[in-house]
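Here's the structure we're looking at; comments come further down.
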Amino acid sequence: MNEFLTVMVGLILALLALGLVRVLRGPGDADRMMAAQLIGTCGIAALLIIGVIGDISAAIDVALVLALLATFAAAAFAECARRAQQPDTPPETEGP
Amino acid sequence: MTIVPALDLFVAGVVLIVAVWTVVARDSSSAVVGFVAYGLLLALVWVRLGAPDVALTEAAIGSGLTGALLIGAAARLRAGESSTSAEHLGGVGRTLVAALATIVAAAIAVALLSLPDPAPSLAPEAAANAGATGLGNPITNVLMAFRAMDTMLEKFVLVIALVGVWSLAPDGAWGGRPRSYHRADPEGALVFLARVLPPLGVVLGIYVLWVSADHPGGAFQGATILAAMWLVVLMAGLGDVPEVGRQQLRLMLVAGPVVFLIVGLGGLLLGGAFLSYPQDWAKPVILAIEFAMILTVAATLALLVAGPPERSAEP
Amino acid sequence: MSGPVAVLESAGSSGALLVLSIVVPVAAALVAFVAGGRRTAWIALAALPVGLAVAVAIAAKVPQTGGALVYLLGGWAPPLGVALRADGLSAVMLVVTACVVAAIGVYARADFRVAAGAAEERAPFTFWILLLGVWGGLNTVFLAGDLFTLYVALEILTFAAVPLVCLDGRAETLQAALRYLLFALLGSVLYLAGTTLLYGAYGTLDVVLLSRLVTAEPAVLVAGSLMTVGLLAKTALVPLHLWLPPAHAGAPPAGSALLSALVVKGSFFIVVRLWFDVMPGLQSVAATQMLSALGATAILLGSVVALRQERLKLLIAYSTLAQIGYLFLMFALAYDAGAASMLKGDALAGGMLQAMSHAAAKAAMFMAAGSIYTALGHDRIAALAGAGRRVPGAVAAFALGGLALVGLPPSGAYLAKELLLRSAADTGQWWWAVVIQAGGAFTCAYLLLVLARVLGPVNRTATADETTDETATKRGRVGWSQQAAALALAACSLALGLVDWSAWLPVPPGTRLSSSLVDTIAAAVWPVLAGGVLAVLLGRWTPPPRGRLQQAAAALGPLRRAGVALGAGFCRADAFLRQWPVAGLSLLALAIVFGAALSARY
Amino acid sequence: MSETIVFGLCAAVVAGLGLYGAIVNPQPLRKILAFNLLGSGVFLFFGVVARRGAAAGFPGDPIPQALVITGVVVAFSATALALALLLRYFDATGSASLRDGAASNAGPESTDA
Amino acid sequence: MIGTVGEHRTVQRAAIVRAVLLFGFWTILAGVGVADLLVGVGVSALATRVSLHLLPATPRRYDPVAAARLALRFLRQSVVAGLDVARRAFDPRLPLRPGFVSYPARCPPGLFRSAFTAFTSLQPGTLPAGSDDGGIVYHCLDVDAPVVSQLATEEVALSGVVRHE
Amino acid sequence: MSAVLDLVTIVAVSAGVFFFLAGTVGLLRFPDTLTRLHALTKADNLGLGLVALGLLPQAGSLQNGLKLVCVWLLVLLAGATVSQLVAQAARREGSSS
């Protein structure tokens, strides 16, 4: 079983690398923002399988944290890209 | 199991590709995104190295918070990027640096490979002394008992760094709030995320702390998740950063290290040593310190990301 | 395991003093952070005497223990746990640090005051907390017996020091702070890389345990060179000094005093620990000579560039550069080729004594320069005339501090020089004796250059007229407490030679100055003369327009032109070395060369 | 134990890349990035050392692993401080170049405050 | 917040539902030891407070049966969406007619609409890309496909889960 | 029994990897940012779901299995919101340039 899973991780990682190269080359910010998403799916899948291969059940916890924080990084990037493009948003009012 | 080593080569290969990208990318924001990706991938490496605790830390800090910091900075610096042709190194210089860096890296690699085998390890000693705290996670034992001094000082580092960041405020804004995020589209996806995700993040963050007693996890990693959740709320405009002049905030920011210090001195006064724990109560005391720490660290990390106060306090 | 435990036994209740000396500043910083407003300064000032008392108590205890005062944190013995250790070196550094911090605190009270009833202000609040942070970091550096704890302490030190540079928020100081931080970070990561290798090789980071284990293995040699170079970057030894002059000159006076007197000593102290305690047997002639050669270069470069400075604070900053170089002379002198090991003897004692004297003297000089700046509204050396009347105490402190640095008896620097010279004679390395003497002469040169201006007649040059108008508004009053604090430190530095250090430093009992008048005069005269010559040849001064001096200047003509050209050349070299890529290249090259030099023996 | 060799080499390359980037890249932001890369390379050394010391039923020596966690916190603080400084400097001057510092003390003539 | 009885009950009910869900999440994570459950009660209370603060309770009722049906539908649609992309990606002719379609959503801007866009972003061929006056702008892989009617079906399905009182 | 479970794993994980492949091929072949985004979101989310499904039999305990499902749900939530943010950014880029 481990051999099969290892091959699968290898495939996923190769696809991840290919995708990352494509995504990081841009041209726009939007393309690059996809990097976080790509890792959020491919990377987590690889992590989960690696956890099974190495019999490390904590890998699932790591995957949970990764899922949460990959979102966070992507959201931060989206927010910053928005601000960089629209610097003249009206001044903020108090939040609810 | 013959094929498993190939797995490590794959992981290392992908990590290296992204690392190279981070260094050579032309514009800063794509380098930063590369770094975020690198940080996330590093979590895989740490799992492979049998260190899920560190994988959690790396996933949380290395890409999450550091990524948010760097991304924010890259966006703000974009305007000034074109003007930086300074201290540029010519081709010869670059080659020279590359050659020297290669030599240093090679020396380190040789040194690493020449390390004695079997490697010296404190793992048996850590295992033998685990009973003193009753904790099942050896790393929590190291952080909270064997090397508690480092952990205490590390919290102090965070406070000092925060004071350093605050010291960069314009004088008029002292006591005020850090730069705000512009108000996001109230029906946008970000606001939706900020309404739904944080409760889950709170549960997950405290879980990571709670589980650290016996399994991989930790107060610091949990605090990072909480900080990230708070930052999502801030980015979505659902809340505002508190004024740095507020005493309650300051109290919260030092509560963790102060509790740590008090417990440490208590150990000293009760006849033990500084940072020693009462024999039968070690586990609850350590968990109590960690709970005190999580809020402090979460607030400190979030404020470090938020930056120095730039809006003056309300009159 | 039985060996270490026996030696690592905690020294009873007095060991708790070591904990206190770290906890006092840390706790004070935390409480001051919460208190805010005027209370921040009060808490910091209240912590100063407490910390000083703890330091003195430690220094009093250490000689009774025979070796070192040890405390096992949490009751865990190394290698699993972390120990705090105070040997003689730590003890004296603790006391000197506490004294200097206390004086800086007294001095800064006037600069970083919050008026009664006023709102909390940024600069005072951050200054006091950072002061306590620097102090806590330094105490940890002196006491920690574990290489990783030392790393954390170093970072506390750096993070507390960097914001001090740009407390005024001007663009130049922000830039200086940024360069400082980035380069220091590079240094600390290299240090950390070394600690990893050591752990990988021996499974411990405890200084004492490591010292018993280390042998010449590739991992250790690489670790040694990386850690040394990383620490040198943090200490700003030439050619890794790109950050120091703007940072030390740009900070507010109290900050400059702290940075120049103490912060660089933190990483220097770890170099000493590393070379003398962790791996004394691994050094080689090549490595020690190289380190000291860098020191000699620093003396030459720093001094000559200092002589060419226009502003007092930059002059003092470059003087720090030169003095840091002076500290590294002891490494070649302490190396015993016969035993193939670093010896803890006269050379080490001399070096540490020099570090202490410099701490006190340099803090006094920066504080005095700050007072002069406040009094005159500027610190251009050419227009310093009249400072003596406005702030006599500060000028006296500057002069006394300078004289102490030059090494006039009975200063600590004089004793240090004696010890270093003795060791040079013992080991037959006459060339270092030349460098040592030259260092004193150079110090004297820039001191004379400044004093000649300060004590000279007022309004002689046109520049002075201009500056009086332009800076009149910037002038302020300098309180007596500021001048007294500077003066007290300078006096301390000057009196350090009178103490018998044998209880703490590796010198035979009774080693102190037996200053007979003849000796004193002889020792005083020649550096002053040599310094005068150097100042005339290399210094930045304009020939006086009338009188006999003019003829003398004309007679000097060709020599003087050569001197000026030489000075300009040094300034260009300094500017070249202080470019980021050049400094980075030097960092890498030094790491490689050190590695080669360390392994050259085998 | 092959993973220690693979990741040991990987760590050395990452550290070398970080050194190269920190020295060569002119923009401070990229230097900070490179510093983080260098730091993570060093942390990976710790990871490799820890893995080599796997014993007593632990997948790695817990002491170096714990040291990495502390180190990551310190590196994060460093990054936050450096970025805050950089942004403040950028706001003050409108430029993110560190060039002027090299120039401003080139000759004493230009150091007038 | 002027608390009428009805509002109070709304808040209470929402709090209970969310607390139960979050507690369930906690037990999945931490397991069911006694200490785990005790801490879990506190944690879910805290998380519920956070949730109520960020997402104030509204007088809505959720239909569990419809929700289950929606979940199944969602799973099926996910597979369809994946297959759709795979088909287009592997087809050598690359059959794409990308473009924007404006969908005049019936639901007003607000939380429900956010949920709707989030839901539809995982549906085959559609990707919400912002809003213009009154409608949601969708990016489609195939503009000729019956996107609007498909979206309308989704909206009905989703609104079946939520009943306003 | 375990052979059946292993078969489930093999089939599901292989299918998952197939969708990852589809996603990456789409990422490489599709002409513009927004279509690439389609490929990424749709195919990769499904791929991860299938991988998680395939690992369920190997998870060892019910708790771990439920955690796997949670991972997938979290990634779905993330994908659903982040893809909208990216799409908005891409649309702005498209309109501004």
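Remarks
Should a chain be cited, it is by its letter among A, B, C, D, E and F, assigned in written order, with residues numbered from 1 in that chain.
The criterion applied here is as follows: a residue touches a chain if its C-beta (ideal position, glycine included) is under 8 Å from a C-beta of that chain, and two chains touch if they have at least 3 such contacts.
Quick caveat: nothing in here was measured; it's all calculated off a predicted structure.
Within the contact network of the assembly, the step distance from chain E to chain F comes to 1. Once chain B is removed from consideration, the other chains connect through touching into the groups A, E, F | C, D. Listed by label, the chains that touch chain B and also chain F are A, E. When C-beta pairs in contact are tallied for each pair of chains, B-D comes out on top. When each chain is reduced to the average of its Cα atoms, E sits farthest from chain C. Chain centres computed from CA atoms place E at the largest separation from chain D.
Chain D and chain E have centres, each the mean of its CA atoms, that are 41 Å apart. One simple way to say how far apart two chains are is to compare their mean CA positions; for chain C and chain E this gives 63 Å. Averaged C-alpha coordinates give centres for chain C and chain D that are 26 Å from one another. Note: centroid distance chain A to chain E, computed from Cα atoms, is 21 Å. Multi-chain contact residues, meaning those touching two or more other chains, occur in chain F at positions 23, 37, 41, 45, 47, 67, 70, 74, 77, 79-85, 87-88, 90. Annotation for chain A: residues 16, 29, 33, 36, 38, 40, 56, 61, 64, 68, 70-71, 75, 78, 81-82, 86 touch two or more other chains.
Within chain E, the positions touching two or more other chains are listed as 25, 29, 117-118, 128. On chain D, the positions that touch chain C within their shared complex are 15, 18-19, 22-24, 28, 31-32, 35, 38-39, 42, 45-46, 48-49, 52-53, 61, 63-64, 67, 70-71, 74, 77-78, 81-82, 85-86, 88-89, 92-93, 98, 100-109, 111-113. On the side of chain F, the complex with chain B involves touching residues 74, 77, 80-82, 84-85, 88.
Against chain F, the residues of chain A that register as touching in their complex are 1, 4-5, 8, 11-12, 15-16, 18-19, 22-23, 28-31, 33-34, 36-38, 40-42, 44-45, 48-49, 52, 57, 60-61, 63-64, 67-68, 70-71, 74-75, 78, 81-82, 85-86.
Per the touch definition, chain B reaches chain C in the complex via residues 87, 89, 93, 96-97, 100-101, 103-104, 107-108, 110-112, 114-116, 119-122, 125-126, 129, 145-150, 153-154, 156-157, 159-161, 163-164, 166-171, 174-175, 245, 247, 250-251, 253-254, 257-258, 261, 264-265, 267-268, 272-277. Remark: chain C residues 10, 16, 19, 23, 26-27, 29-31, 33-34, 36, 71-76, 79-82, 119-123, 125-126, 129-130, 133, 136, 140, 148-149, 152-153, 155-156, 159-160, 162-163, 166-167, 169, 174, 193, 197, 200-204, 217-219, 221-223, 226, 579-581, 584-585, 588-589, 591-592, 595 touch chain B in the complex.
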